[in-house]
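Each of the next two complexes has chain A plus one more chain, namely chain B in the first and chain C in the second.
Coming up: the complex of A and B.
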């Protein structure tokens, strides 16, 4: 394949944005090519210039203030110098793009059929409506939309996220493009759906002989689908080569660091913990002395010492809790009941971490909010240290808030943009009755230092911090009351891989130092395994499997867990391909039956 | 930027600096930068906006002029209620070009502008127009500010409570807003001014009139602010920082006034700047209809209504008070627009 003329060729591409603070070189001398029918992965963290590159390939920087130099050739057409007319003819026809968020890339007011037909007729003005319609149905069938004949008249909101992304891909396929450019096509999707969409892209590439450019922040997403990979950082390709070589023997230290930061599903909690502790000792040259952080350690010393946990009372006992929401709509606008969580029970002991995994809509966030008593359970009981807190009032709960805290998913929305970080952290102390301003300030600054920030960050506003730093601030806010239990609701899912790794390390160190008990809610299987002693797998409001994390991961007892594990992206390209083959086989069997 | 090559054991440090670099660069691409607070960013943007700066200066000058009206009148004119009949031709009531030789055929369509009377004198009475306009600014701005403050206080309180509490409280407040907005405000004002007796609440004369006008404007215009505040609160209520505050054990009062309110300051300030000119016009309209400030206290609206029958012979008498209203309203509106753009994170600089 390497002998054929490349379908995309990028040579010394530079994209510069003039801003108030001077020029920003978003892409700074990038070169790569994609052979016809080949697949290239572009990997980088946020701000590395990968999305800017994909927009440049489509010629979508026209009309913005971006300055572009270098050359981009798509199907023999120079994108940088082409006229607007030529460029429009190229888009969709030679190169089609699949965007990140399928919720936003389809027009909500038109049926998907209208949108597909429009995409075809723009490039084939002579085609009749009937022809275009036929093609649209074929295209939908191709991407695996069931009953395409009927579904073509549906509106985007009538599809699930994964189906919508298929529709977007179908739209890209309407004109038989030579290259399909997918910019983070699965980031907004669940693991199992992600696997389906990646499988689909791979299938289309081999069946239609189409080139594929897959842009992602996640090396594991790219690993199984591409031949060649470009690792980007600060607008430069730090490494480029065959995917197997890059992943097995990375040359550049950045690639190595990036690979090291990717959470691996095969790594167990014990291994990871041992690794972290060893690294920490090496870094600090000593073991943390007991009582060093006594100011923040909860008074009841946790039982990390190995006492038999079955005999003591659990820190938290959850019994058959359920939550009902009224959903407006239906006939006559009547509200219907929707059970987000339907009867979940578990015990949580001191010093332990319980991981809760599930896809979106599985009820994991609702469950954690019930435990936090941000929601009142519709049914069931929540006991904290033997006290029933299920129906306590806000006022009664206030003293208990000291003992249980939460770290939220989105560090951008969990910090008030109009409150300085010092005040945000100190609020907890003030709310709990501390009046001495200097004391509050001192404690906040100590804690800021402990989570890896500078004490003089006290007076800054949240927008001055990066995502990872914000999450550290949120952790500090949860810690200041010396809680016994911290519920982490997707604490790292909004972060880059390397930042994610640092935050996980911090959480694990804090658990060692302060004897914390965690409930760790996440959708990422690998992350959950590395931090959890026990794991509960949730689906549609129910726990389908619960047990000690190694056994859940190594010998899953439920089909759903197996399916999840099978769908999780893996770093090894060959393993990823064999898993894909397995999934395909299973699906074919199902359709045959 | 960290060096491209570093020892593997310092990989974590490298990652850390790298993460920070990436984030900084991402922020640079977005155009906001490190240590400035939102207010500083807004101020820097505002300074670049020439229209907003000019209108801001005009607004400041207007306020200063209103405060220093007695001084300005003393330096550049005559007291606002002092008659200058020597400048008026008695049979037509119009100012004369040459007061030394009175003649009904020698009246001045520009009101006998002179060094003593910068904008000429009023017909009939011969009062100094410049000082009347400057004093008129006092009334206009006072009424506009007070009624805007009343609108903002009522609107913010009711809007924030409606948005945060939801349920039947929201329903009641929202329906109240609809009722207030449907009220025939102008008719109500005319009727109320007529029936309120002198001396209510210890207020008499102009004090009473100002009180009534401020009450009417403020009490019937709060729903505009309340709607904006309610909408914002509805979306802020769902943000995680509110949940975070609740999980720290914060009371509703704390959440409303310490967490949500600071996020509403910008829309409130912006909307207030846009509400002031509306209220200036409202006061002018009431005075025009004769239910505003009592003569002889100068008011722009009253001046206009006095001037309208004379517009053919004394056009200046329409032009100057009209211009005063026009410039004031325009300046506040443009300044408000500028503020909104400066505070809006979505506008590029």
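Coming up: the complex of A and C.
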């Protein structure tokens, strides 16, 4: 720490993958430095070369086809030219890495103790087993694993996702590295857990004087944790500088676009809608009546929010629904009951959007499946347009399926890879009795245009499309039957920030045009606020708070909602830091008590 | 954990009971459905060309005219408590577990099976050791050096190995290694306890022949499994720790690769223990497989039934061993207990 030399210095790094179609330049002339004890954020969307860069820093490209030129220095050691042996001595010792998916990055068949001790002894061959064990316990304690002395003998599957990420971090700390490289360390985690892990990384950096490189697709994740930020696009750093300057006065248009796309929790639904509509008018004023959409004439004017809808019957009425699952286990494999949803009620009116927020395991997906009647509620009642559909048979439900459709989370697995886009969308029409093939084709093509794709995409297969385009296809598939209700289950959580923004915009436009009613399920608080009129916050199968979205966000009545809002990543570096200090203070108080 | 063991044991016993019932059904009930009379059945059991009186006597002795349920009870009782067979004045005791009485050889089946078991067991275990070590070693090397000359050669050989039947490779080995170049002795089976060196010399070729077929299959599976494991995130973690490639392969990648292989290995060993018919026949080893072939050719039904049951027992037992071993190999299975 005493030295003023940077611990990591990257100069004109180029990583090239030779392919059949010529060289792909994954990283093209990247330079940055991390001072000892400093923190650098690398931000970019998928394909920007940020993960390739982090692998290159660890020298993990050895043995692959990648060609690396330029220089990478880690703790004074040149990574590009180092011998394998020197490289191994550096890994884990000078620079440790934390990966994206904690569920996959620990060996499932060894105890965490075994894996931690191994990490220490490989670099300290003279250390005894007892010393290494003691160190592992300390390290686990340091990252906040409760009862480390006992837990050291547990296997990875006995920990939750957040705890596993702590274990991976503890493993990284075993040899007191000079830099910790964290590649999307919180992308797979819930909001509150994400905040905890980011807080931990920040704390370790300040307490241990360790450098930190934080790689993420989300500017808001790095904002509060780093001093300097590099924004990457197509393998090139488009902008680099102090995090406060970059976020406050971005110079490059790409950074500006990226910043604009980050969903902001302080932006209300009304503001966002006004913004979107203004932009749309401007755009469509210029393009004169492009894409006339005859088969889908707007069925309703943009829904007047709230006031007159309270008198009519709700489109959907959910009364005290609950879902029980049997969990096998116990003596002689007896099943025990697990209530995924424990009695939830709400009304949903035409043209309205209900947002359901919750962390994993809160029961939000189970609830939406019951509403869709993909699951039969164990208890309670679901009414659609005044008809009780709680226990309807599949045959009786079929005509109603027209009116409710679903858009799923993962656009990569929710489309059949062997069915063309046109067939995927058109099948629903055929199932519902349309026999005229040309008519189906025309309708599908019109709809493809409406969701922002080309009519000649009709015969292509899903693999030819990006994640955002696939989600558009999924939306078209849901729309083709002109449904009244669309349930979106985490529709944008698998997408990059800018794609996310485009898809949200599309959903909002479609709602305006067709008077759609949405149930929007997501874990991202900011996203939910911007699309929802009302919000239900779920936890452990129960709704802890429900109400008008602005009031829930501005004056939350439950502790849990406050906790969630407090944990949401914030774009303003100073605000993020003060929120972090607040959380730390609260926690210290709790441990002191 | 204890719960898991008890459950597995229970399942094993249940499976044995089911196998017994099915075997009985095939040998006693199915022929009757096909229209064979009790006397016809008796003829199958007596063998040779019997007089009508002898047939009637056999029908009565075996209870072939009894209702099926009674026959099954008698069969199970024989298995559990033993049975007696009377021939005129002579009475033969068939102690429990009585697998039946062969009229061709005039002796109970089980002792004969047990007599031949050492031969088959020598063959099975010897070959199994060779094929598991050889197959896994080649598979691991192939995966690590994917695309190399070694990999292509090994996988080519493995393809040949999987494709060639034992009576071909076995006879080829006999013709050249034993008869033409006289590298191995022409000899009958010698028990291990009598002369270990001779035992080894006799068994070596059968082992290699039987192992070749299996090793080829194991090499292919190990390679595929290893390649998949090497793509896992936790292997990247291991490399990022600074571990040597050798440690990454042998500590981190090998164990998950072997876990599914152990399952097939258990089944294969059980199968071969029940009689490696082709290998035993080609190399004139007087094991269980050869015994079964003789019985089938000589229509000695009690022996066929006995061999079938014994083979089933071996497979069930080996499977049980694998099941009990599994939680040791993969800790994630343990919570299920």
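Quick note on the criterion: the second predicted complex is superposed on the first by the 570 of 593 C-alpha atoms of A that agree within 3 Å, B and C clash if a C-alpha of one lies under 4 Å from a C-alpha of the other, contacts with A are read in each partner's own complex, and residues count from 1 in each chain.
In the analysis below, a residue touches a chain if its C-beta (ideal position, glycine included) is under 8 Å from a C-beta of that chain, and two chains touch if they have at least 3 such contacts.
Treat the numbers as computed from the prediction; the structure is a model and nothing was measured.
Upon superposition of the two complexes on chain A, no clash is found between chain B and chain C, which fit side by side. When the two complexes are overlaid on their common chain A, residue A:340 makes contact with neither chain B nor chain C. Of the two partner chains placed by superposition, only chain B is touched by A:256; chain C is not.
By the document's definition of touching, of the two partners only chain B reaches A:413; chain C does not.
Of the two partner chains, neither chain B nor chain C is touched by A:389. Between the Cα centres of chain B and chain C, as seen from that of chain A, there is an angle of 30°, stated in steps of 10.
Set against each other, chain B and chain C touch different numbers of residues in chain A, with B touching more. For the overlaid pair of complexes, the smallest distance between C-alpha atoms of chain B and those of chain C rounds to 7 Å.
Chain A residues in contact with chain B (one complex) as well as with chain C (other complex) do not exist.
Of all residues in chain A, only 17, 19-21, 24, 26, 45-48, 233-234, 238, 252-254, 256-257, 260-261, 279, 283, 369, 372, 374, 394, 397-399, 401-402, 404-406, 408-410, 413-419, 424, 427-428, 431-432, 460-461, 463-469, 474, 477, 481, 496, 498-499, 501-502 touch chain B in the complex they form.
Per the touch definition, chain B reaches chain A in the complex via residues 1, 4-6, 8, 11-12, 14-16, 18-29, 31-35, 37-38, 239-241, 243-251, 254, 258-259, 262-263, 265, 349. By the touch criterion stated above, chain A contacts chain C in their complex at residues 58, 60, 88-93, 96-97, 99, 101, 104-109, 111, 118-119, 122-123, 155, 157, 168, 171, 329, 331-333. Chain C contributes residues 3, 7, 232-234, 236-244, 247, 251-252, 255-256, 259, 329-332, 335-336 to its touches with chain A in the complex.
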